[in-house]
Structures are given as structure tokens and as C-alpha cells.
Amino acid sequence: MDFATLIGLVGALMLIASAVILGVSPDVFLNPASLLIVVGGSLLVVLAKFSFPQFLDAFKVAARAFKFKLPETQASIEELVEIAQIARKEGVLGLEGRELSSPFLAQGIQMLVDGQTADTIKQLLNKERLMTLDHNRSGAKVFSALADVAPAMGMIGTLIGLVQMLSNMEDPKSIGPAMAVALLTTLYGAMIATMIASPIADKLSLRMTEEARMQSLYIDALVAIQEGTNPRIIEQMLSSYLPPKERAKNGEAEAAGG
Amino acid sequence: MDFATLIGLVGALMLIASAVILGVSPDVFLNPASLLIVVGGSLLVVLAKFSFPQFLDAFKVAARAFKFKLPETQASIEELVEIAQIARKEGVLGLEGRELSSPFLAQGIQMLVDGQTADTIKQLLNKERLMTLDHNRSGAKVFSALADVAPAMGMIGTLIGLVQMLSNMEDPKSIGPAMAVALLTTLYGAMIATMIASPIADKLSLRMTEEARMQSLYIDALVAIQEGTNPRIIEQMLSSYLPPKERAKNGEAEAAGG
Amino acid sequence: MDFATLIGLVGALMLIASAVILGVSPDVFLNPASLLIVVGGSLLVVLAKFSFPQFLDAFKVAARAFKFKLPETQASIEELVEIAQIARKEGVLGLEGRELSSPFLAQGIQMLVDGQTADTIKQLLNKERLMTLDHNRSGAKVFSALADVAPAMGMIGTLIGLVQMLSNMEDPKSIGPAMAVALLTTLYGAMIATMIASPIADKLSLRMTEEARMQSLYIDALVAIQEGTNPRIIEQMLSSYLPPKERAKNGEAEAAGG
Amino acid sequence: MDFATLIGLVGALMLIASAVILGVSPDVFLNPASLLIVVGGSLLVVLAKFSFPQFLDAFKVAARAFKFKLPETQASIEELVEIAQIARKEGVLGLEGRELSSPFLAQGIQMLVDGQTADTIKQLLNKERLMTLDHNRSGAKVFSALADVAPAMGMIGTLIGLVQMLSNMEDPKSIGPAMAVALLTTLYGAMIATMIASPIADKLSLRMTEEARMQSLYIDALVAIQEGTNPRIIEQMLSSYLPPKERAKNGEAEAAGG
Amino acid sequence: MDFATLIGLVGALMLIASAVILGVSPDVFLNPASLLIVVGGSLLVVLAKFSFPQFLDAFKVAARAFKFKLPETQASIEELVEIAQIARKEGVLGLEGRELSSPFLAQGIQMLVDGQTADTIKQLLNKERLMTLDHNRSGAKVFSALADVAPAMGMIGTLIGLVQMLSNMEDPKSIGPAMAVALLTTLYGAMIATMIASPIADKLSLRMTEEARMQSLYIDALVAIQEGTNPRIIEQMLSSYLPPKERAKNGEAEAAGG
């Protein structure tokens, strides 16, 4: 959830906000009671579908995804090749205290320094990787449940408003405004689902896949380093994680430098 | 279905109830005939999709999930490590009569005491685990069918009300209230599906997965105890069932105590 | 499709019927032309999706599922254990002429009496089992297609009625009744899908699974009998088909009797 | 797409047509502009989703399925047993020039006559079978895309009509007829999807499965003939392709004749 | 995305445009504010679901698919057979500098000339193939997300317009035009989804499959060439990629020329 998500979410919300503010009677659109029914009701129903830790965790996962960008594949490969070179020259102990771009990588390097076997490193880090995946997936599920529940709560709010309006139609002048208020909850529900919950759920799923892919790259590299593989061969091996274009550039740069 | 579900379901229903009660003409919203069509009709249609035992069982499964919370993974691991220590010092017979946090675990311990082989224990408990999973899944299916049927029954009720209203439009004043009543069944159907049946179905599915995971932890531990594995190694082995954070804490505590 | 389906279907239809009859202008709800469009049209479109034999067969499958209840698992196990005891004492020829609770079982016993090998029995009965499954599945598909088509035909009928009404609005008094009639087809379509076709399709799917499970129990037992397995061991083996509770009872009874 | 589809499609369309013609103002229902938007627009959008050959091919596949009925399983088995008897008595060369019920079978017999090995026949005909499957599936996909697109184009047409009507409401008398015309495109879209495109797509899928099953029967038989298997054994082997009932009849006839 | 897509997309849009222009008040249909909400809002929300590179890449992938047509299977086979003949006569070095119909093929030929083993060629090109597949799939996903988001944004715009209209109903004459404008966003959303985003997404998916199939043909051929297989056998082997009809023609031509 780097800049694309931030710009997309904020931009779309601002676009709708400006359409409302520049249009007639913008004050009609803010109705605390309607907002409470849709936002409060949806969150409570979603809470009922999960447990407290899972529910709260989803927001932490989303916030973390907002704040921390995944490192670039190219930069990570360069970092790993450098680590491999140091490990080759000075031994794995030379890696102690080195600052690293990712806590997952740091954990793996610590295992190297502690002298764990390649098999143990692979097994433990893979378990860690599956745990992160599971954690992120549960976060995506909460937002995806919110995207399902919000429009339904919006419709419930509108039905309540319509029933109230229809059973009190003595003053024909009040029908319009009453129906406007009734429609507000449907609008809120559609906006929460389409413009907030569903994009966050989709982005968390995407990031989940990318994080797992990056961690799989780290594991491949760490096992190769532990086995004392030549840094150049490690670089070649890892370049398969790059998209074709960058891979070509990488190859040329290598050829130029070789 | 611990507190999260209780608070979620009750909270959301209270929110809607207060919106109705504080709004105009709250008495319109309670219509026994409409309620009978949606609630009675939906339950009858769902009954038609299953057999009597499956239908009644679903409510028992939901009630059980409401009342009994699954033990915490951390507490279960500690309990199992303690059991492993006793089994090591006093033999499996020392476990007889011990109070246990789960009937499934008690059943496994009884097998240990009866001197069953690791293979038999694994096989029998795994069958038991699949049976529980099947039982819970059938409960979730009943609520999930209810979440499908209720809005459809609500729409049928509304269509009946609309046809009645449209064929008797002599008194224009009665149109509004008649339409309000017609919309009530749609409102009931949407509320049953969104705020009751669907959250319970989702929660039962989630709990089903967690219960199966917990039982798989018990089976792993019991087999290791039967084979006389060192309690410390059992603890390490089981810690893979913990989420990363708790696992770290566990490790530190262990290191501090070691 | 035992009593649960019968009570569910008839009960739900009677509930709706009483709401219509006790309400205003019940005679409006019966419109032969609308009924013909939805029922006739839906059946014709469903027919177009299948062949004649498949279409007609679906109703036979449903009727058979209505009339014949599957035997109870517990009773079937007892019957099979008794058969195993006879086969042990008197040889398989002692089974000739015995009355059996299911034609599938009778077919298997005949194979035993004919002296077929365990392998042949397994292979032939498994093929038979897959054929029954296929047959039932095709029946469920027809009703499931009907549940899809009926609401669409209802909407088509309503659109036709609306177009007719809108192009002839000279007499304002006729608008209400004309629209009531237009809505009838949507009501019929929703009722056929929600209260008839979809429950039957779901019930046939459920029964399909249960019938296949029961036939798999028969095959296991017949193979064990052909191989001369001890009836007590056959009983233990088959008890895995029982739900946990009944299994416990069975076990106790066995222990008490042992 | 034998008679069932023809009767189903034509019957349903005639039912709707008679409802329109016998109702008020039947002439309103035929609107060339609306028809052009829905039919033309839908076909163009579906064309955009495929390539020209795939698009045109779908109609050829549907027409072929309309015209040619698949041979009956029972008749095919009899034909194959006869072929096997000839091949046994006169050798495979005796099969040359024989008229056959299916081009696929003719291709296989030609391979037999050409003296291909069982392996080659199996491999080549299986590839042919997968190609036919692929071809038919692509035809079903085109009609299934049409069933998705037509209602959407109908809604687009209705929205255009509504916008036109709403922005020109000076003459209240014109509102009704204008809205009737606007609804026509939705009606056309629903009819094309429900009563034409979706049944054809479903029927092509069904026929696809049956054709693949029949070709698999031919391959089994041809391989057995090439290997010189006894015609009686071939008959027994192929009878597993028959539904249970016919199989029983076949068996009896066989027993009676044996 | 050859001519079929171009003609389909442009044709359908022109059909709708002419219906609008020839109808009443065509100028109502162009509303910049509504267009901004639906187009801008949808693109921003879709952007939020992906990252910048993925978002921009989708349009490049679509444009590339528009401009470059995949080579015909028949022509590719002929090209590959010719290459195989040259490689056989002059050795792989004779292929250097040859102009080729596809960059993917050129890359493979370069590997041949560089003297890579069949295994390496297969492995590297397969990775390349999976990368292209991944790249195209991500493009299809962006358009498919747009097809989901656009109707939802259209509905949000309409709800905003309806709330504005309902809260300002003093002048009854303004109701019609205000509602016409409110409906415009729904119309835009439906048109973007049905007539632009969804056909492009489906076409990219189709092309993706075809491109992967073509690359798999190239890989088969290159491996065979590297292994020095007879060009005639390569031709036979590759002809399995042709649809049945063309295969037959090919066979005849071959027979005639042989």
C-alpha cells in the first residue's frame, strides 16, 4: 500500500467530496445517525464474523502495509550479493551487526551467524513465511467482509427510512427530504465498500503475494550463502525473480562490468 | 463464537433497534404477520433443504460455539508440556483421573492410559477430528442456507404486499402505509441474512478451522508423549502452532528460565 | 427427501397461501395467463437445456427421493453384521433368498452367492455407485436450472406487463390493477425458485452424497464378508460411518454385551 | 441440440409471443431501433471478446449440434460389436468401405485398415477428441458471453431512453409510452439471455460432454479390435457406458440369447 | 486484440452514439462532471488496488495487444521447419542474423547460436514464457477490476444526484432533468464496464492463452532443432498445434508435395 493506494483512495474520495460540496445542499450529505448505522453497524457485524484479535489485527496489518514499502527486488538482490561477498571473504561472522533492509532477512542472517544448517534455516524461515502469509490473509479477509457487509447495512438503513417516510406522508413537502435521508445510508454503504474496504482488501492480497515472493527470494539466497555458493552464481540465480526488462538491464550492466 | 460475536450481533441489532425506536412511528416496524412470513417461511424452506437431525443440530452447534470458548493455544501447549513431564516421571498411568481442558484431549489421554499404540491413537483421533469438522460444517451450511433464503422470502412478502396494495388503490391515503408494511418483509429478510445468519455461518466456519487446528496440535502432542519424547522438544515442536509474536515471547521466557 | 422436505415445502407454501387468502383481494393472485408464462416458459427453457430423457428423469429421481427414505446407518450396520454371521456359519450360499433393505445391497449379495471375487464385486459395485451418483446429479441439475430460469421468466413477464400498462395509461384507475398483474409473474418466479426448485435441488444433492456414502459402506462390508473377515471386526470397521454420538452408544452397548 | 432444445426454444418464444399478441397494443413490442441496440450491440461486444474465426465458428458449432443428433450409445455398441466380429472373421481389411455412423469412427477404422498400432490409434484419436472438445467449448463460451452481455446492453438502452424521457417531460401524456419504449431494450436483453443464448450455451456444454464420452467409447473399442479381443468381451466392456437400466436390459437380452 | 476487437468495440460504441445523437436532446448525454466522477473515480479506485507500474503497464499491454497480431500457427510452423532445414544443412551458426517473426523466437535462436544445451534453452524460455503470462495476466486483472468498479462508481454518482434532487424539489419542472443527469453516471458506468473494460479484459485473457500456446510451440521446435531432429519429423510434431481442419489440409499438401 504505497503511494498508488494512498493517491487512489484519497483522490477518489476527494473527487466525490468536491462533487458533493460544489453541488446543491452539501449539508444534506452529512447525517450522523445514518453514518452511525452504516459504519457502526458494519463494523459490529464484521466483528461478529471474527475474533477480537483478528479484527484489530486487520487494521494493524493495513496500517503497516501503508507505512512500510516492500524493498525493490533489484535492490534486494544487490544487498544479498554484497552479503554473499562478505560471507565469502570474512566468513558468516563478518555479517554480525550489519544493518538490513528487512527484519525477515535480519532473522535469517542471525541464523547464519548462529551456525544453523541450511536445512534448519530453510525450514524455520519457510514456516515464518507461511505465518506472515496467514496473518496478512486474515487481514485481507476482514476488509473483504466489510466490503460485503457495508452495502447490505446501507440497504437496511434505507429500508428503515422508507418505512418511516411511507407511514407518515401527511405533509407532501417532507417526502423528498425524507427520501433523500433514506438514500444516504445506501450511498454510505456503496462508498465504504467500493472506495475503501474493497481496494484495501485487494491491495493487501497483492502485497501478501509480493511479500511471500520476496521472502522466498531471501530464503533461496540465505541457503546459497550458507552453502558457500559463489556470489556471481547467486546473482544469476536470484535474477529470475526480476521482471524480464530489468533482468536484461541487469545482464548488460553485468556484462559491461565483467 | 466468543465475546466478539456476542458483542457484534447484539450491538448491531441494538443500533438498528435504537434507530427505529428513536425515529418516527416505531410501532410500524413490528408486524407479526410479516415476521411470520419471513422467519417462519425461511426456516421451513431451509428445513426442506436438510433433514430434521441436521437442521436441529445446526442450532446446537451454534449454541455450543457460543458457550464454550476454545482454549488458548499458549495455555494448551503449557498443559501438554506438563502432561508430558508427568508421563515421563510417573509413566502414562500417572495421568489417570487428571482434569483436562478439552474432552477431545481427555479421550486421547484415556487412550494413552489404555496403552494404545501411537499409530492407533493417531488414526482414531484423526477420524474423530474429521467427524467434528463434518459436524460443524453441516451447522455452518444450515445458517448459510438461511442467509440465502431469508432475503428471497422477504422479497416474496413484499411482492405480495405490493400486489395487494396496487389492486386496492381507492383510498390514496392508505397507499403509503400499505407500502410501508410491504417493505417490512424485505427489511426483515435483509436483517436476518446480514446481521444474524451470515455472521453465525462465517463464525462457525472460522471456529471449525480453529478447532481442527487445535485438535491437530493435541494429536501431535499425544503421539510424541506416547513415544516418550523429551517434554522440552515437545514444547519446541508445538510452538510452531503459535503466531509469530507469542512464539518470540515464549522463546524468551524459555531462554530466561533455561 | 423425507418428512423434513415435505413439511418444509408444504408448510412454507401454506404459510404464503394463508397470507394471501387472509389478505385483501385474494382472487387477484391467481392469474392463469401469468402462471402459464412463468411455469410453462420456465419448463420449456429448462427442457431446451437438457434432453427429453434427462428432463423427465429429474422428476422421477425427485419422486423416488420423496417416497423412499435411505435406511439408517445404524440399522444397516446391524443388518450387515448379521449377514456376515450367517455367511460365516453357513457360507455365502446361506444368504440366498434373504430379504434385504436395499436393491444395491441385494445386487451385491447376489454377486457373493454367485462366487465372484472380492475384486470383481468392488469394481462392479463401484461402477454402479458412480452411475447412481451421475443419475442423481443430473436430476439435481434440472431443478437447479429451474431455480435459475424461473425468476428470469418472471421478470420477462413483468416487463411485458409494464410495457402494456405504460402504453395504455388513458384510464388512471386501471394503472394500479394492471401493475399488480404485471408483478404477479415476478412473484411466481421468485416462489418457484426459492420455495420449490432450489430446495429440491439442494435436497437431491444432499441425498446423493448420503446415498453414495451408504453404498460405499455396503461395498466395504461385502468385500470383508467375501474375504471371510470376523463379523465383530466388520462391525468395528463399519462403525466409522456412524456420527460420534451413536458410535459412543454403540461402543458402550458392545462393551456391556462383551 | 435434438428435439428437446428445438421444442423448448421455439415453444417458450411462442408462449411469450402469444402473450404479447393477445395482450393490449402488441405493435408497441416491435421497435427496430431498440432491437438494433440490443442485438447489434451485444453481438459487436461479444465479437470484441473473441476473434472472427471463433465468433463465426460458434454459430456453425450450434447449427451442427442442431442438425446432427449423436448416435444412441446402445446402437453404437451394437455397431462396434458387429465391426469387431467382421474384423475377427475377415481381418481388419474386411472393414474397408463400410458405412459408419460417425466420421470420428470412420477415421479410426481407416487407421485400423492402414495397420496402425493400438498405441498410435489411441494417441491420435485422443488428440482429435481433445480438439473437438476445445472447439465445442469455444462455441459454448461465445453463447455464454452473449448471455452475459445482452442484459447489460438492454440496461444501457433503457438508461438512454429514461434520460431522454426525463429531460423532455413537457407533455405528461408522452411519459407512459416513452417509458414503455425505454423498457423494451431491457425486455429484449432478458429474453435473448434467458431464452436463447443461455440454453444454447448449456446445451452445447452438455453435448460436448456427451460427444467426448462417445468418442472415448469408440477409442476403447478400436483399441480392443486392433488387439483382436473377443467381440463378446468387447460388448461387456462397452456396456459400462450404458445407463444402469439399459445395461440390465442388455444383460438379459444377452443372457436370453446366450 | 486484432480487428475483431477493434470492430466490436468501435462498432458498439458508434451504435450507442448514433442512438443518442438521432434521439431527443443528445446534448444532455454529455455531462463533464458526471464523466469525471465515473471515469476519474473508477481509475483512481483501480489504481488504489494495484501499484503504479502495474496500473500503467496494463494500458501498455492492451495497446501492444491492439497493435501486434500473433503470427498464424501455420506460418510459424513453416518458418520453424525452414529454420530446422537451415540448421541441418549449415549448422546453427547459419541462423545468425536471420530475421524472425517474433522476439521470443529470436531470443531462442540466439541461444541456439550461442551453443546452449537443449535443457538450458527449455528452462530459460519456459521461465520467460511464465513471465510473459504473468505480465499479461496482471494487465487483464486491471481491466477486470475496472469492469467491477465502474458500475459501482456510476451508482454512487446516481445516488448523489438523487439525494441532491430529493432535497430540492420546490420546482417540479426541474425534477425530470435533475433525475436525467443523476442517471447519467449509471449509464457511463454500465457502458465503461460492458462495452470497454470487460471486452478488453476477456480479450487479453484469450490472447494470453494463445501467446503462451505459441511460445510453447517455439520451445518444442527449438529443443528439437538443437537435438538435430529431422525437419520432416519436426513438422509432423508441430502440426498437433493446428486445429483439425488446417491439419488435414497440411497433411494433404504434404502428401501432394512428398
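Order as written gives the chain letters A, B, C, D and E; numbering starts at 1 within each chain.
Definition applied: contacts are C-beta pairs under 8 Å (C-beta built on N, C-alpha and C of every residue); 3 or more make two chains touch, one makes a residue touch a chain.
The shown structure was predicted, so the numbers you read here are calculated from the model rather than taken from an experiment.
Peer 1: What are the chains that chain D and chain E both touch?
Peer 2: Both chain D and chain E are touched by no common chain, going by the contact rule given at the top.
Peer 1: Return the chains common to the contact lists of chain B and chain E.
Peer 2: A
Peer 1: Indicate the whole-number Å distance between the mean C-alpha point of chain B and the mean C-alpha point of chain C.
Peer 2: Once rounded, the distance between the two centres reads 28 Å.
Peer 1: So, what's the distance in Å between the C-alpha centres of chain D and chain B?
Peer 2: Chain centres of chain B and chain D, defined by C-alpha means, are spaced 45 Å apart.
Peer 1: Among all residues of chain E, which ones touch two or more of the remaining chains?
Peer 2: none
Peer 1: Can you list the ring's chains in order, from chain A toward chain E?
Peer 2: In ring order from chain A, with chain E immediately after, the list is A, E, D, C, B.
Peer 1: Under the definition above, what is the set of chain D residues touching chain E in their complex?
Peer 2: On the chain D side, the touching residues are 33, 36-37, 40-41, 44-52, 55, 127-128, 131-132, 135, 145, 149, 152-153, 155-157, 159-160, 162-164, 166-169.
Peer 1: Which stretch or stretches of chain C touch chain B in the complex?
Peer 2: Per the stated touch rule, the residues are 2-5, 7-9, 11-12, 15-16, 19-20, 23-25, 28-29, 176-177, 179-180, 183-184, 186-187, 190-191, 193-195, 198-199, 202-203, 206, 240, 243-244.
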